[in-house]
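Both complexes below contain subunit A, partnered by subunit B and then by subunit C.
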Partner chain A sequence: MSELTVPGAAPGVPVKRELNSERFAGLAQRHGALAVLAVVVIAASLIWPTFSNGDNLAGIAVHSFYPVIIALGMTFVIVSGGIDLSVGSVFALGGVLAAYASQWGPVAAIGLPLAVCAVFGLVQGTIIAKTGMAPFIVTLAGLLGARGLLLAVTTEGSKTYLFPAGDGFVRLAQGKLFGISYPVYAAVLLAVLAAVLLQRTKYGQALFAVGGNEDAAALMGLPVARIKILTYTLCGLLAGLAGVLNAAWTGSGVTIIGVGDELNAIAAVVIGGTLLVGGAGGISGTVCGVLLLGVIQNVINQIGSLTSSVQSVVSGAFLVVVVVAQTYLSKARRLR
Partner chain B sequence: MSELAARPGWDRRQLARYVQNYGVYAAVVVLLAYNALFTRNFVDMGNMRTQLVQVAPVIIVALGMALVIGTEGVDLSVGSVMALAAAVIPLYLGFGLWPAIIMSLLIGLAAGLVNGTLVAVVGLQPIVATLALLVAGRGIALVIAGGQLKQVHNADLIALGTNDVAGLPVVVWIAAVLALLTGLLVRRTTYGRQLVAIGGNRAAAGLAGLPVRRVLIVTYVLCGVLAGLAGVLATARLRASDPSAIGNLMELSAITAVVVGGTPLSGGKVRVLGTVAGALVMQLVRATLIKHDLPDSTAQMVQAVIILVAVYVARERRTR
Partner chain C sequence: MTEPVIAARDVVKRFPGVLALDRVSLSLAPGEVHALVGENGAGKSTLIKILTGVYQADAGEIAYAGQPVTFARPLDAQTAGISTIYQEVNLIPLMSVARNLFLGREPRTRIGLIDTGRMNREAAEALARFNIDADVTRPLRTIGLGAQQMVALSRAVATDAKVLIMDEPTSSLEPREVETLFRVVRELSARGIAILYVSHRLDELYQLCSNVTVLRDGRVVHTGRIADLDRLTLISHMLGRDLAQVRREGVTGFTGHGDAAATEPVLVADGLTKRHVLHGISFDVKPGEVVGLGGLLGAGRSETAKAVVGALPVDSGAVTIAGKRLRRNSPKKAIRAGVAMLPEDRKAEGIIPGLSVRENIVLAALPRLTTAGVVSRARQDRIVETFMKRLRIKASSPEQRVSELSGGNQQKVLLARWLCLHPKLLLLDEPTRGIDVGAKAEVQALVDELAGEGLAVVLISSDLEELVEGADRVVVLRAGAVVGELAGDDVSEHAIMATLAAHEGEPDE
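Moving on, here comes the complex of A and B:
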């Protein structure tokens, strides 16, 4: 599993001398998800020998690749102090468009959905940045709009487009290297790129500034509107890409997927230590958050006697515990 | 008004304010008028009855949501709370109708207490605090119900979903009475004023000595209980407790009704009548599109545009 975690500490933490307890609180907040993931994985491998075999771990990885890609975009949006409820619908739209466009070849199958989803994010970002409307409500409308667009493309959801038999893109997406599917490598690569973008570029630094204090960022001369628009565009693009890869992997554009995926993405990002108020967070935590939710699901499957509804109970309880712990940790750091 | 008239651009502002205050009611009237003229069999008793029965649970949930949004919060868990309430009904229906309803409302109360405590005492953002229960609540409901739909045969409960009182369905009366009570609660009670003050500026309200935590918790509890009641009514209408379907995406319908009704997401204002009208607008739009054989895809995109326009119109209030 270790190859899926991305090194690099979350920035956005003020440079100041910290007391030991504060430093511990900070570490726990930023890397808590990684620690819990390690504990859960070790415990699960000790209890269920079948958990740690290669096929099972590869299975967790392959079920996590598209949630990771969606959650990457969500991390950027949440760091900027916003939220994007449309990603589940955009994810489904991307997949449907990919399968629809696959009749014109792989370039269209990738290009059309990415273009549409990026434009979708661009429109949402522009509305949010230029009118000052709440991201929550704009992307809620986006959730409905993208689903509507999807239904329009698929003649009201009745048509499921398939990739042509033997399509090269599908074969690539379903191929494996060292027993791990190619889309997993794509997700890892994207996570590394996202971490670099967030932590090593001017855009990333500006994003933390905007999320931390928008007015201050504007006074410093940062192009706040442009940064926000770029962020929502990126989020739409990544959700669309997740849809494209998932559609290629399954060989079809399923219309009913993605409902509620925005909430899973938000949960993973928050569990990963990114603050919902913006201005702090990191990619490695998000990846851990997604994997943790995937591992929990897998463990529940290992137990066997439990139904899948227990999984949502555990995920929800987990979310509360993590967020409550984070709230107290960040209070501990703020109070001297 | 006279000193305002001297300022340039006043006409536009006045117009904007009229649209903000009365736009949603005008939309209801326009939609009804349009359908009366151009849609066959729309304005007749049978159809109106169907529309009202369908919109009643949305109104009930949206009333609670309006209170929560008035505190600058949001409650994403209402749909799951409806499922929870529905799931416990078959367990207690053996003891009679009222014990079952009371247990459902208590479940809603408990859910609201959890949400309210996480928001008011722990200090979580309302989106995350209630997201947890949205995710977990339906899971718990499914576990309680054993993952199954259970048919309900209690005649009293079914009567609640289908009977009429004075020509209108019981559910519609319940929604109307609750809307009236919520309006009185907001306008005429200390709690209502405190809620609005806290939503407007929580820090200032705290400094002024208002019981911020208590008011917040009570608000989430009210929202939970109303969602629980909506779950009971949905079960009564379906004649079955179906925790996997009841209340699905209700949070979106409720938030939309509140927002279209002109309650700002930034808190400090609760428009109860507007919320009722907002729910009616969305219902009428959907019904109009269906009656004209427009596909679901168009309906969803139209709803998206309505939400954006409603929030854009309400937004100008803050820059005034």
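Moving on, here comes the complex of A and C:
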């Protein structure tokens, strides 16, 4: 910093103080998902004793690992002010490619899908950043494209590739430590890395700046296009990785999965307190959002008498409540 | 004079259909505070954007520290040492103060992560030098605008800048904040930083700057020491009026009309006040009278019109239309009371380019043309035909798309839209900007005609000639306050400029 002092006893510039209500609204916006998650978990544990047993919780965790990984990438994209509809298809593509490439060993089974999915994100990001086309349209095309690629690899989806019996990678993915599957640890590790990336690196800061005010970010000399390209690449890579881990965990490349998962990811991110318009959000919220959706599903299963279709209704209603609450909280914080 | 730190030579910049900069030259010596002035569209922003790498010049060169340079993007200019502060604070409102200050050059820990502790500490220290005591971990938007501007300034000088460009930095500041800003600017100048200072507040320029360059229509019309230039001459340079040749000839399409009868005014604006924008604006308009609002850019002319129609919420003051006070300001109520407003930016705020002439005209009148939810096509056609004939709208048919019409005819379509509501008061904000000379005269004649029929008109125009020819009375605004009113034979370009200049010396508040 320069050694600049203002001579004379200059009158201080008035600094607006934040009201307590604004502060509370900010807290609610950032950590609301965690609070709701805690309430739901405690309530469910009291009502259904089976809910809080170890196996059930481990089940929720294992069903949440791949949605968490997808939602991490989606968080980055949404913070940047964009959206990525292709992740569900890319997730499925990653899984199929992993199973397909497993015939050449675990390095290929991991490397090939990750490379393809990252390139997929790179292409989408480049189109979005360089042509200024709406991310919605570009990634909608990506959704169709990835699904098409998947069908081409699996001869119209008729062929399901399996990992070779006794494959080391599969055994690792299906292994457990303290009763919890390894992919869950992987998701936790990735979430921590993503949080560090978002909060403590130049790239993460630039991402918030681009999402918060793209013009200002450009005027401040940030490489906006490069940041966007990197973000969509990262999102594709994470969706692919989710696919790889899920395929290894199930031992096969299922072709029909991932449909609608992009919407679940968006829902989880928004429930987690990330603003859909970009510029604000966080990883912890997203993880809570995914877990909350997982817990809701589990609770509905606990009730037993309800069909799984009710789950979508409840999740949807929940999403609406969150979005409405977000709007009011934003107003309370006088964000816009 | 020492060698300039930055110099533009014969810079030309073209945009489709416009020559934005025509061989513009400008140079700044180290430590010089140089004023850049000009009305809207004079080319100030374009010049700034070329100096900061947002645009590239089509011809001419930029020399920085004696070397010709090309800045391909803002980052290049910033790295070279040219920092910019914009009118609107161009920071990220949701990010913390400290993160805004250090965005792009965050201090790092040994493993390459951002050192938030050090960042917050250094940010607080940096702001303390500007007498700002703020919690730097809070989002930027939670601190005051003045403090935000200081953050931008602090950010700009922290990067070891040699040139600082300030684009209307005081437009949203309070007087006290302006003083602090000035102190900082003088200090920076003393340290040898060259400062290009853009502002419409002439007081500030005379207080702060040593030299001035005046741009008009993309050309440099004057450059030199500011002390050698009195206010009146400076204003006449900006507005492009030769003092000796100010005449009142019928160059415009207006013809004089008689004095408005001493009847009840249609509009009474009483003490319209909005913090930092309007300070107790009062005026009235009688039927058949055209009242002009004069003043430089940023004087509060458009804001006054918006306050009258209720599009700008005011802190205090009242608007009375035909004896009835508008209770709560809302455009809907104003329209119902008989107010029509032609906004300044007809593309953004009025015309719907994809629709036909007919559809555009009847848009506002639809509720009246509807019976039980069904729009009567016959009544529509009747109205459209009447207005197309009366306003002489040149279109191949009522079904032609509005986007295919010329600017002048688009303006007439908008006018027709409001006229079919039978308003009592018409507010025209720059009705002839951006339309060709012929159409301009026609629109002006039309305004005359409408006033002749008893409509009360408020005319806002940066074109002094238009104001003088068209208005029966001119209310002169400066810094959001009425500084003079001219009527009858007193209405002249010279008188308007003299009123403006006379009041430039007075403090803002």
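We adopt the following convention: the second predicted complex is superposed on the first by the 317 of 336 C-alpha atoms of A that agree within 3 Å, B and C clash if a C-alpha of one lies under 4 Å from a C-alpha of the other, contacts with A are read in each partner's own complex, and residues count from 1 in each chain.
In the analysis below, a residue touches a chain if its C-beta (ideal position, glycine included) is under 8 Å from a C-beta of that chain, and two chains touch if they have at least 3 such contacts.
From a predicted model like this one, the values you see are computed outputs, not experimental measurements.
Q: After the superposition on A, what does A:Ala217 contact: first (subunit B), second (subunit C), both or neither?
A: second
Q: Look at A:Lys202 in the shared chain and tell me whether it touches subunit B only, subunit C only, both, or neither; answer first, second, both or neither.
A: Touch partner of A:Lys202: subunit C, not subunit B.
Q: Could you look at A:Gln311 and tell me whether it touches subunit B, subunit C, both or neither (first, second, both, neither)?
A: The first partner, subunit B, only.
Q: Using the touch definition from the top, say if A:Val323 reaches subunit B (first), subunit C (second), both or neither.
A: A:Val323 contacts subunit B only, not subunit C.
Q: Classify the contacts of A:Gly32 with the two partner chains as first (subunit B alone), second (subunit C alone), both, or neither.
A: In the superposed model, A:Gly32 contacts neither subunit B nor subunit C.
Q: Should A:Ala280 be classified as contacting the first partner (subunit B), the second (subunit C), both, or neither?
A: In the superposed model, A:Ala280 contacts subunit C only, not subunit B.
Q: Please indicate which partner A:Ala152 is in contact with in the superposed arrangement: first for subunit B, second for subunit C, both, or neither.
A: Touch partner of A:Ala152: subunit B, not subunit C.
Q: Under the touch definition given earlier, write down the residues of subunit A that touch subunit B in their complex.
A: 83, 127, 131-134, 136-138, 140-145, 147-152, 156-157, 263, 266-267, 270, 276-277, 307, 309-317, 319-320, 323-324, 327
Q: Could you pull out which subunit B residues touch subunit A in their complex?
A: 74, 76, 118, 122-125, 127-129, 131-140, 142-143, 147, 252, 255-256, 259, 265-266, 295-301, 303-305, 307-308, 311-312, 315
Q: Quick check on the complex: what are the subunit A residues that touch subunit C?
A: Spelled out, the residues of subunit A in touch with subunit C are 1-2, 4-8, 10-16, 18, 22, 26, 196, 199-202, 205-206, 208-209, 212-213, 215-223, 279-280, 334-335.
Q: Write out the stretch or stretches of subunit C touching subunit A in their complex.
A: Those residues of subunit C that touch subunit A are 52, 54, 73-75, 78-79, 84, 86, 90-95, 99, 103-104, 106, 112-114, 116, 122, 125-126, 129-134, 138-139, 141-144, 146-147, 150, 155, 157-158, 160, 174, 176-177, 179-180, 183-184, 187-188, 191.
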